[in-house]
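Think of it as A, B, C and D in the order they're written, each chain with its own count starting at 1.
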């Protein structure tokens, strides 16, 4: 299959030593196997995550994304813009819809962009990496490079919010999306399709400001995974990944639970199935080690 | 009758041949049934089978045909001999499929089959081919009462379908309420903006149409006659009267608005309070400009109060919802927003009722900035030059007082249905406490309470207007048959029938026009109207035997029978629905139909030999309504639900047609019990002839005396309400009743006849 | 910003009249997607769909009703809309397709601009710090953001929080997912000047943005 | 069968439900010739699958019986079952209709004795119970079926069972060689009475229809309540056959929703009020119905039925569009949402959930002639020249009473076309 090229929007937390750094490593490994070339949008800036609403208004958040689109169109013409972070993808896409659908806002955005010496005249679509995998490759193609089966691992597919709503992955249901389970199965893993918290919000956006409330969400998500007999959770959202992993110790401390449920990013288990090492799959970057996955990765 | 030739055709198909002894059946038909031709066929409903019958009719002079095969409801297209009287002995659904299989039941099963052959033969002998109503008249002109949207639509639809139309409007001009509207709710997409009423164009079409004659400022002084020959007197205000003949009548007398004065608590009477009709007036005056109050005050805030004096459970105001008011208020709110978006426009509702595409119209109003609030209004009071609306906001759960320059009360439609004849009757029956008179419509008498003026001024002995259903509406009681009024050839349409919006009214008018056309066409052919549509039989009365007891005229559910000055019944056949209630009512049995009479049933009852007292084989007569009970019996057969082989079922047109003589005859001739199965009675009656089951019930309440005279147990006669879905239940009822007879023992009357 | 504040206060009487359109119009003019508020039909599906539902003083559908009822202060001073987690459950279920998440953010941000938002509303603080953090350079500096948040209520509570979260932080640092050196260095785009100018302009434009037409 | 005789004076009625039968009969009883085509093996349509009608709680089969008797007594209506309209060309007064007649594999000799059914063992999901429960693959659709004639499921053809059925029929009514036929028909006017279908409940994801066995639709609930239905009239829930006592009714399931049907389906409120009385009929005081609604639309004189139900202590009303349904371990659906009257949050378990499913025009699934105009929901407005019109719930979401009213009007519109074109020709 010919090399596929995309303009890549990494987002702040994917940078080295940032909260999703290890996930990024695994994305790179996965892309290598699938012969995907991701080129960073030069000099990209933050997507102005929706949680920043109290500081930045609608237009300000829109222009931040407009800048990224314009840079992509300028330096990587014709390439779809791809994000691995659910929040970045959602915010960019939302801004793009508004810019492309509302002439008034487009004009105002360009007025602002002028200050940065740029002008937005439309761009290629903004897509999430999962869309690329499912739509540009498809489960069969993703299955082909598998060299290590994940047979003995039980995955609970935790989709979360922002890859799922309001846009979602084409053809998937908001209440019960199946694509993660299908990804897991194509990698030979066991998908716990009956897992009933797959689209529950982890409260990530309010993790700092409302810890108790959002940790209640995490507790539901993790408990349900244990109920299903899951070995680990898998998610398409770096924020969910960090949030659900990081706060389990907090919850244990406050509520005397004994949570130790690993949660990995889909590209990590794919990288492992494609034969990556523990390091290459970013499995060394976990607070709660996904031991079973690490063991398979370590196997020669 | 010498030239009659009776033939019996017995079918051995569907397993009948294997189970029944046809030798015996044939013997019964020949010896007892006196059939001159008897043929057996293995597949009688087949083309070949039917052909033999046709040949016999054509070549062998066969005049009467008995089919001994399946139910009269089955294979109707095969057994179809319009010119030949036919009886059907139900051997399949009635015997084969319901009597327990196996040889130990052979005897009772055979007896049952034999009896049905006997009964079929007996019935056949008494039957003749209905010749059709001789008194049929063929005036095909249609009278439309009311020149509003409904009446105009009915008139133009009928005229454009080729029928002469006479339109009578009490006002001096056409248009009714529609003429008072600024705009109307849209009829089709886009459901976004108020539309022109289109009335002017409709009126122009009506006035221009050569087949339509219009009488303005006129009312009906008198309506006499029957479908095909209604004689109406049209009176102008001046008193001039023209006599016209029409074939059918559409009553589109419309509605009045609920009297605001009855709603003081909602500010009825305050200068800042109008009803929706009042608002239309203001909007018409403003004609797209800023709407002002009648007193000239500007309106910067308006509040619409839904369900004002409607949906009332206390019995003070209208109990129903008028259906159109939510959409009307939404439309009127748009009047304000379209003229000036800054006018604060609030609609207070408890349930917003905008069905179908009305949802789009609702959305459109929201887009225009109309505010909708779910709230219950307690009072509207004067406040400065405007009003205060006091209500409970049901969403925010708090009491609120909201000031407004103008308050619009969405009051309801009050049908113009003329005189409530039931009310007349109540008063009448109070006065004449003639004991044995059925609790039915009685002679209307002058009443103390002042009644609204009659719309139709019918000369019918049962009252001057259409019977009302509830809350003064002249709606049909039947879900499947919305136009079935209880006065043949007269159809209510529009808001007089049921509260409705303009779109539904125009649809309703179109349907009513069809029914009127149908009525004149049927009347011209002397055929019955719904539900026995096409039936050519009609009631024939032997006046020489009549004792002027008036029961037939009183009990007829359709007011078909008048009385002459000597109180003899005067039948108006084309008003008649052929239910036979009069036949059931007649104590001297002088009323009959050519193919259904006291004799056709009576002779069946008397055609059987009763097994003796010691045989332990009782005989139970089952008189079953052909509309629901008999089909239920058939379906019991279809599902092979077994019941007692001692029962003998006879279908009747309606329980109302059951003449008590049948019951006494049965008991006298040794039947052990009589079951009657009819439709539900009461408020939610399911009797297709309205009062049939009610009357049967009433008559049976008198049967006990008869039983006592004969010194018989009261259990020997039992009546049941049966629904068509009761196929399992009817079997159970029969079996239980058979047990009852077993318990109380065989009839002592056997052997006396 | 300044411009907005005054419009916010001048135009509108202190207590807006009940069920007048004033506040609704104000919201339509100044709140992101505010023109949708009037389209709500009060079914309540949003209220039932929110993961933080029980924590809402007034659920979205009620807030829409309150706006229509002119309850200006109750709405803008409420901390209800600060409970939004941006999960979009309400948006995908709303039978009238209202962008509820955006409207909640919009109302919150408008309340903030008017200075009516509850003091010490933690999400408010986080939101502002996040914005300042990411607009300072053009990219988020997670370390500064984190630390900043813990010390927002002063040193003592800050240290407490850090002690509580220390294991987490250390875990992250160990895992190479939190970089203490970001406190001094950190990632950032090259054209920071451009970005700053761009944002300044955008805010200026937004300040006198005309009411959106629906 | 041979092509039915028809001329430009004939009215074609498409659809044999209550509306189509009414339109056909009303026209025929005015002396007009009618061809009535129905896609299924029997007339009666969806009303035949209802247990009771509101507000009288009477039985649809009662009206069906009367209409069938009118039909049997009338020689002007020609009925074609298992027939679909493949295409219509021409204009008002002069249409050429192409009809496709699917093989029934049973001819008019059938006496409905049932021997074929007894002979076969193959079963199919019962289409007359919305697929709940099984029926023999040689079957009589239902007790009121007209024509009263058996039908063989296509799946039976070519199997040994088919031959058994053929062998069992003593009257030679089974013809396994029957092929699809195409029939040309010239007619003057067309009435589209193609009716409605329940909206696909699985598309309303938060309610979990298809995922949760104890979430069913209102049309399925009609069959549960019907003594001739799959449970013999007992309200047994699908998951474990346990008697459902605490039943939730969710209004606007698909209706009034821009994600699904943008229109209000009008009948659902009354249907639910009626169904709460099924619960009372079956369980008396032990039953509990809870109605979750946005607005109760018991329009015009049906209001008193609503008032009657409001007085019923076993029925509760909650003004709320349910947000989502979860399933408890014991199979109980748990409803999550907010009562908007005063803001009360609930998470209420029920034994069974009935979705008051919206009406979608069936015409959305059939190819209508070019010049038939529909609205954005797919309801039929008719052709601009008036030669074709909609009737009943094909034209708007209507209850049975208003469908009959609409169909009667449609009959007149058709007759008018016939009359006028006849005159023009003369």
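Keep this in mind: a residue touches a chain if its C-beta (ideal position, glycine included) is under 8 Å from a C-beta of that chain, and two chains touch if they have at least 3 such contacts.
Just so we're clear, the structure is a prediction, and the values are computed from it rather than from any experiment.
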Partner chains shared by subunit B and subunit C (touch criterion as defined above): D
Most widely separated chain from subunit C, with each centre as the mean of CA atoms: B
Closest chain to global C-alpha mean, per-chain Cα centroids: D
Pair sharing more residue contacts (C-beta pairs) when C-D is set against B-D: B-D
Centre-of-Cα separation between subunit D and subunit C, whole angstrom: 50
Centroid spacing, where centroids are CA-atom means, of subunit B and subunit D in whole angstrom: 24
Separation of mean Cα positions, subunit B and subunit A [Å, integer]: 67
Between subunit A and subunit D, centroid-to-centroid distance (C-alpha), Å: 46
In subunit B, residues with contacts to at least two other chains: 374, 395
For subunit C, residues that touch 2 or more chains besides their own: 41-42, 61-62, 89, 92, 96
Residues of subunit A engaged with two or more neighbouring chains: 174
Full enumeration of touching chain pairs: A-C, A-D, B-C, B-D, C-D
Touching residues on subunit A, where the partner in the complex is subunit D: 173-176, 196
Subunit D residues touching subunit A - in the complex, by the definition given at the top: 205-206, 208, 211, 324, 326
Subunit C-facing residues of subunit A, complex: 12-13, 15, 17-22, 43-46, 48-60, 62-64, 67, 104, 108-109, 111-118, 161-162, 165-166, 168, 174, 200-201, 203-206, 208-210, 213-214, 217, 242, 246-247, 249-250, 253, 284-287
Touching residues on subunit B, where the partner in the complex is subunit C: 301, 342, 344, 346, 362-363, 366-367, 369, 371-374, 393, 395-396, 400-403
In the complex, subunit C residues that touch subunit B: 17-21, 24, 38-39, 41-42, 61-62, 65-66, 68-69, 71, 96, 214
